[in-house]
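Here it is, the structure in full.
Letters A, B, C, D, E and F name the chains as they come in the text, with residue numbers starting at 1 for each one.
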């Protein structure tokens, strides 16, 4: 078609100005109920002196809350004088999903974290991703993408390493992720899917830190505390905040990884899932993991499921109701890769 | 319209037959996709010798699982020879809601627990309630209605007393409920609403035991264990199961009640709720209880909420997203009423 | 609440005027998209000289077509001079359902044939039923309610007898129904449900004729032919049309009845139903009737179903997809009742 | 079923206290997403000294705005010292509809103004109506129900007389309505439907004032100005506000009424409606009123519609798209009844 | 994937035949309810002698009516003998949206005016755009795209200039647009979005005329009159109709343009918007423009909005209900560009 | 974007292993209700010795059942020892559609048979198509795609030839299709659309066999019998099953083709369609084919439709309700092409 896709979003903050600004990037969306309106996505910038630029993203999925809350607090409370460099906050990046408390956008039903690098001429979610990828990533040195388990998963609070091929970038990522000081560190490759925000940021050369903070669609007191501290720890590690804003390490950093498709205990029946263990339990391949009850046929024997990997029970499905293919449990195995 | 409403449900079990039967009551439902079909609701009877009749209900709300699972296990595993009397199981009474994992029925959008005593000529949920009320309650001496918190609430696992005016019935209820041996006992009057299953059973003169077993739309390992034991404890207390099927008491029975509208901390804003305390914390009126964050406007100060009663933090809202009127927290105060 | 429900419908035809009139009864419906509009339901009257009044209803369910088509042809083509008495046509009585080709009304999700005698202050469908019951039935001597199987059922074209207690009325009904000259005559009591149009008309003392004309949501060439002739045959039998407008009998009148809940072969599994016989086959209790295939688990053995009654295979489910409780097959047994 | 329906709403204002209070009545609503929450409907009371009690309602339909805005301004701005008696404000009574900008409630799909006198054990809208009818009307001497045309109608701004049988009450209503000083006064009997708020208030003996303020789902600058002044004029007329808060009459009071079903020009085709005249034009029975265009078949001649009454063109349909039964135009005829 | 997208639409008119033809282009759409059916979009051709080809489009958005009505009248009434050249009418191009009275297509939820140049292998709307772009634009010399404000906007009736880089084409566009003789002429660049029909036609080298004719989802008597005359004026200007079919100019041609993002007054709150001025008022940057009322919290002070540009109030939002990002008002500033 | 789309599906069967395997290919789908789950699509492999690889697909549309049932039976019943080569079964390829009994996928609303060759980074249906195209077609020598008419069409049971340009491939296809031994053989080019599974398989060089087995969304006893035998006949013809598993030919092979757009009798009105002939009738161009009744306006004369081609009435629309553009009837004309 030859025509270059044009960035349509209009931004009310100036990335080059010192101090604290809170504004929006307004993405035009011409729909039945609002022909000439916009999606108005909050963005904030705190800039001071020289130093790296860190992009902090929350709300990539709209039902994950610890990150957006922690970022909002920083936006309101952080003294710009403490900053050495620039912080760009997009705490509710997938605003349509945030407003509906959904993982996916109600506008185009897309999972934003499967739309990168985006498309400036695509649907709304693709346009938002394109804005992040094309307009923000080029400004950044590091990228924090703060996820939680969402409505369907309850995960152990953890910091997440995006795997990259380049050993130097990998070492930087490992260092930044462990600086977060979460109870667990997990390498997650999203089954090799390269359409995530962190994969896209990594391709753009940024240092990347991910998280999974509890979940169940709720705000976890524990995870919120871990997240508040973790963000400051990372920013301090990156030199954008002073060392005294970090907290002393609380957790021994154990590294795990998801062992491919064996990580997942999938339902093969339609019923209600009862797990046999709590998150954090050490489990082994072949061990009974839970069972599916048939509530509409109480005389039928429940179907039993088993683990397919050795490791730690990293997460479980929140809703009791399952259908074939649903992820019931997730096991993380000790990380076998290099740390440098 | 002097025509008497006619019971349309057809039942495949014989309530007068000894032994174990598992069947259905089939409620005709003539809809677009099935003109002459039925809603087929599981029902089981275990009868042996003489003794009281106990009706055990699960799935009144379709997203509450500990009760239905525990009842299904009894249906499958209980040796009829152990029974002295009759057990009538309706473990997924609101089947349309159970199949969709919803509190309310997808057929008529009704909350079954606001439809008693039902209407045999009404909508599907009203017809189910009428079947329970008109066909089952007259057969029963006691009624167990096993609830959990559901998708929207995470409650402390507890046994629940339905308040009644008659002191003899009240004493029976208190005795049966405390026999359940839950960590907490709470008197709940549902704001005086008389349209619940337990209120209807109480009016019919049955001894009534309620529960609230965790929630969040999930299966709780702890609550499931409490529920499994509790049901057997109550049946043993009622004399339908032998004493050895009960477990020794584990919990000191502390009694609480919901102190009217002050029990509820309600949202008055549109945002994401962060609670300040865990369930089980002792709190006092006026104390800060949590706050509502405005994710679409991160520069706005969160709105703070306070408790309106002294007592124990009995439950919290599961979804982080709140709108005005949503129940964020529930406080139970020490019970001031008589126990006999 | 002592206020008497008021009939709100406004009718544009004059029931006392000779000749042919085609108009509407307009039922006010104040909804978001039309605050002061109406549901405009077609009604026609052909009146001439003296004689009985016959009410002809089609479209009680919105996806049953042979009746409405045959009635429309009469409205357009019948010479009023041929009539001795009065014909009142309501060929698309459940107009909101007819427009959407649905069994049930899209406005209140009600099955009109479960709303009689209606409620003039109720929902739209209840108001329509009340109009038929309160305004039309008092004018009538006989009532034809022309049904087909609808989207979910494919039935043998048949005339239907509404069972009544009074032997005189019963004999009149039998005579009128057999005059229809369908390939099959079936007594159907709708599981004893008294909320149907025919049950309501019978209570009002009218002679009642029902039909079931094929189905599957389609227009059957055979059934349409049977229906066109049948309506004229009945009107001729009732003396409103001259004898020469009837056709000579084509079918030996075999009478059947639905043998209670044993008539229905119900699904107990979630899958795709394959019947073993065609409609019209003589079958016997216990004989294999069909099976349910599990397309998502092709290695699972299909579940087999059996007939629960002796008789003729009267109908089958049209959609292949079934869920527990769906009516897969219907068997009609030879009628054991009196014909006079 | 002899149980008396119980009022479940809990109210945070004290009707007997002097001064200005702004609060809520909280109606419990137990739904999937909020098991123990409420619908929180704003209510305000301004009380001072002795004098009549006037109930001011807005938002009975959720897409009519002039009334709710004018009432909100009074709540915020009115000095209680100016009041002689009591004002009870329910400016967004049908809150669920207001939040969705719908005529009808999204919870039960009911038009609140067809649910009076309500049902304290019914659906949410029926419970709200019951609260107004059972808890508020007994406190009141007069009732203002401020409507606009809503999303589907664009009406001439007008004050509305609820017809009553008692001549004394009628004279009071006429006097109060004309005091409003709208450009037009119309007697509207809602086709005799007695399920409206104003009909219910009239039955309870209150003096009743209605309005229709423009519409089209928008806020009209003209109508808002008329409404702001009109409310004060009526309150002044009733003696609750001092005479100086009224404005000098601007409009000659012409009285009209809706002439039964002839008032309405109804669509009989599916297309797009083009009116031939503006609101306020004097028209006569039989005169061409507009036509319906068939956009999907541009070669088809449009269908022409005619007026069925003489009078003033009182209103038109806002959406161009029409289907059979839609109200395209409304004509008001000169009022023929008594004014005293 | 090297396969060339194939045009699937089948057209029943012959573009090369003289005289008047009214037909369809049938676009295959294989959906659940109609596996082998089509979307049947009306198209008409009036051809006579030699002269330019003008393509006249209406219904690009399905809730904008003046254009489609005016084009339908031309199709029915225009004597082919008056034509010098060829007129191709597509008066309801986005037929699925027209039938539902929606801006966007109910089939794929796309705004057709953001899908150009289309995709012959894409979704339905993309296929329609591809047909217009690939099959029609190559036949045309000029393109009229007749829009109105739609359901969400009420705009001043105006003719619209599509900005193009080439000065010759620009001069032609200006001349044709001013020939329309609307009360206002506005240059609108759709925020630089090149996915509109007019932008695509301009890229194809056609002379382009746009309009915005009132809106609010209704048929405006004034705008319809302007549109009827305007279309004939332009066709006369282009030489396809004789000069006497044009009307003498009525309006002084004032040129405006939308001043970038400052043109739009956007909501930043959730409530009901009250504007302070009527369309056509001259306003200035910083001046209060309106306010947002909080109907659910009547004691909260409304939020005030201000204009961001000097100019004429060109349009306002029709629905009172607003959410953050909604376009409340639009200001057009005097055009600063060249006219030739 | 340079990044190669990655195949994300994970497959549990080994295509190179001898014997019978039944498993899944699990396609990750990250949605609100299941962040880390999969669509689990059944796949089976039966491999033995050397010989061609045949891919057998059912469920491309989710409401077509004869193929999936016949394939499931083969998976369960076929003795691997009978096989010479490899059979790859994907009997419910569009599993999301199969579970909902829809032609199109409920996840992305796409018709899978308009998505080939698919997109490994696209929506779910596009990913499934890409798996079939990219992972399976390269393994295959022949491809059977077993369709029926679906919910909207009732077709004569027939085997279908995919037209290809290469005469050698065409001859192979004709031979394989006629080996199926259906009552009718039809060449169908899907209006030239190259996005079907069979077109894609043909481009990949496979021998291709299609079917259309009755329809109406039901399981046809006749068609199921034809399909069961036909699949074995083709496999035998291809040499993968022994000759004795084929049945002797029952049908004379008459070849037909769809004669372009003239094949389809399309509705041009909104009403209920009555056909004049049964499937299988020989008809001719211009002959009356049926009519559309206007049930809401019974006094309006029905609109008559005529055939546009000579040939056999190949199929009819199942639902009576039609709207403009719906395919009412399909005519197949004698095949004029070469057979070799």
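Note that contacts are C-beta pairs under 8 Å (C-beta built on N, C-alpha and C of every residue); 3 or more make two chains touch, one makes a residue touch a chain.
Protein names from UniProt, one per chain: A, B, C, D, E, F = Succinylglutamate desuccinylase/aspartoacylase family protein.
Worth saying up front: this structure is predicted, and the values here are computed from it rather than measured.
Trainee: Using the touch definition from the top, list the chains contacting both chain B and chain F.
Mentor: Common neighbours, chain B/chain F: A, C, D, E.
Trainee: Taking each chain's centre as the mean of its C-alpha atoms, which one ends up farthest from the centre of chain C?
Mentor: Relative to chain C, the chain with the farthest C-alpha centre is A.
Trainee: Count the touching C-beta pairs: is D-E or A-C ahead?
Mentor: D-E is joined by more C-beta pairs in contact.
Trainee: Compare the two sides of the chain E and chain F interface and say whether they are made mostly of the same residue numbers, over half shared, or of different ones.
Mentor: Shared-number fraction below one half, so different.
Trainee: Please compute the C-alpha centroid of chain C, do the same for chain E, then give the distance between them in whole Å.
Mentor: Inter-chain centre distance comes to 49 Å.
Trainee: Roughly how far is chain B from chain C, centre to centre by C-alpha average, rounded to an integer in Å?
Mentor: Chain centres of chain B and chain C, defined by C-alpha means, are spaced 41 Å apart.
Trainee: In whole angstrom, how far does the Cα centroid of chain A sit from the Cα centroid of chain B?
Mentor: The answer is 36 Å.
Trainee: Please list all residues of chain C that touch 2 or more other chains.
Mentor: Correct list: 40, 63, 151, 268, 296-297, 317, 319, 324.
Trainee: Chain contact graph: line, ring, star, complete or other?
Mentor: other
Trainee: By the document's touch rule, what are all the touching chain pairs in this structure?
Mentor: Touching chain pairs, listed by label, are A-B, A-C, A-E, A-F, B-C, B-D, B-E, C-D, C-F, D-E, D-F, E-F.
Trainee: Where on chain B does chain A make contact in their complex?
Mentor: Interface residues on the chain B side: 22, 40, 42, 44, 59, 63, 65, 68-69, 71-72, 75-76, 89, 91-92, 95, 98-99, 101, 151, 154, 216-219, 221, 224, 272-278, 293-299, 301, 317-321.
Trainee: Okay, in this complex, where on chain E does chain F touch?
Mentor: Checking each residue of chain E against chain F gives 1, 3, 6, 8, 10, 26, 28-40, 108, 121.
Trainee: Taking the touch rule as given, give the residues of chain E at its contact with chain A in the complex, in rising order.
Mentor: 61, 63, 102-104, 109, 111, 113-114, 117, 149-153, 191-195, 261, 264, 266, 268, 317, 319, 324-327, 330
Trainee: Once bound in the complex, which stretches of chain C touch chain A?
Mentor: These residues of chain C touch chain A: 268, 270, 296-297, 324.
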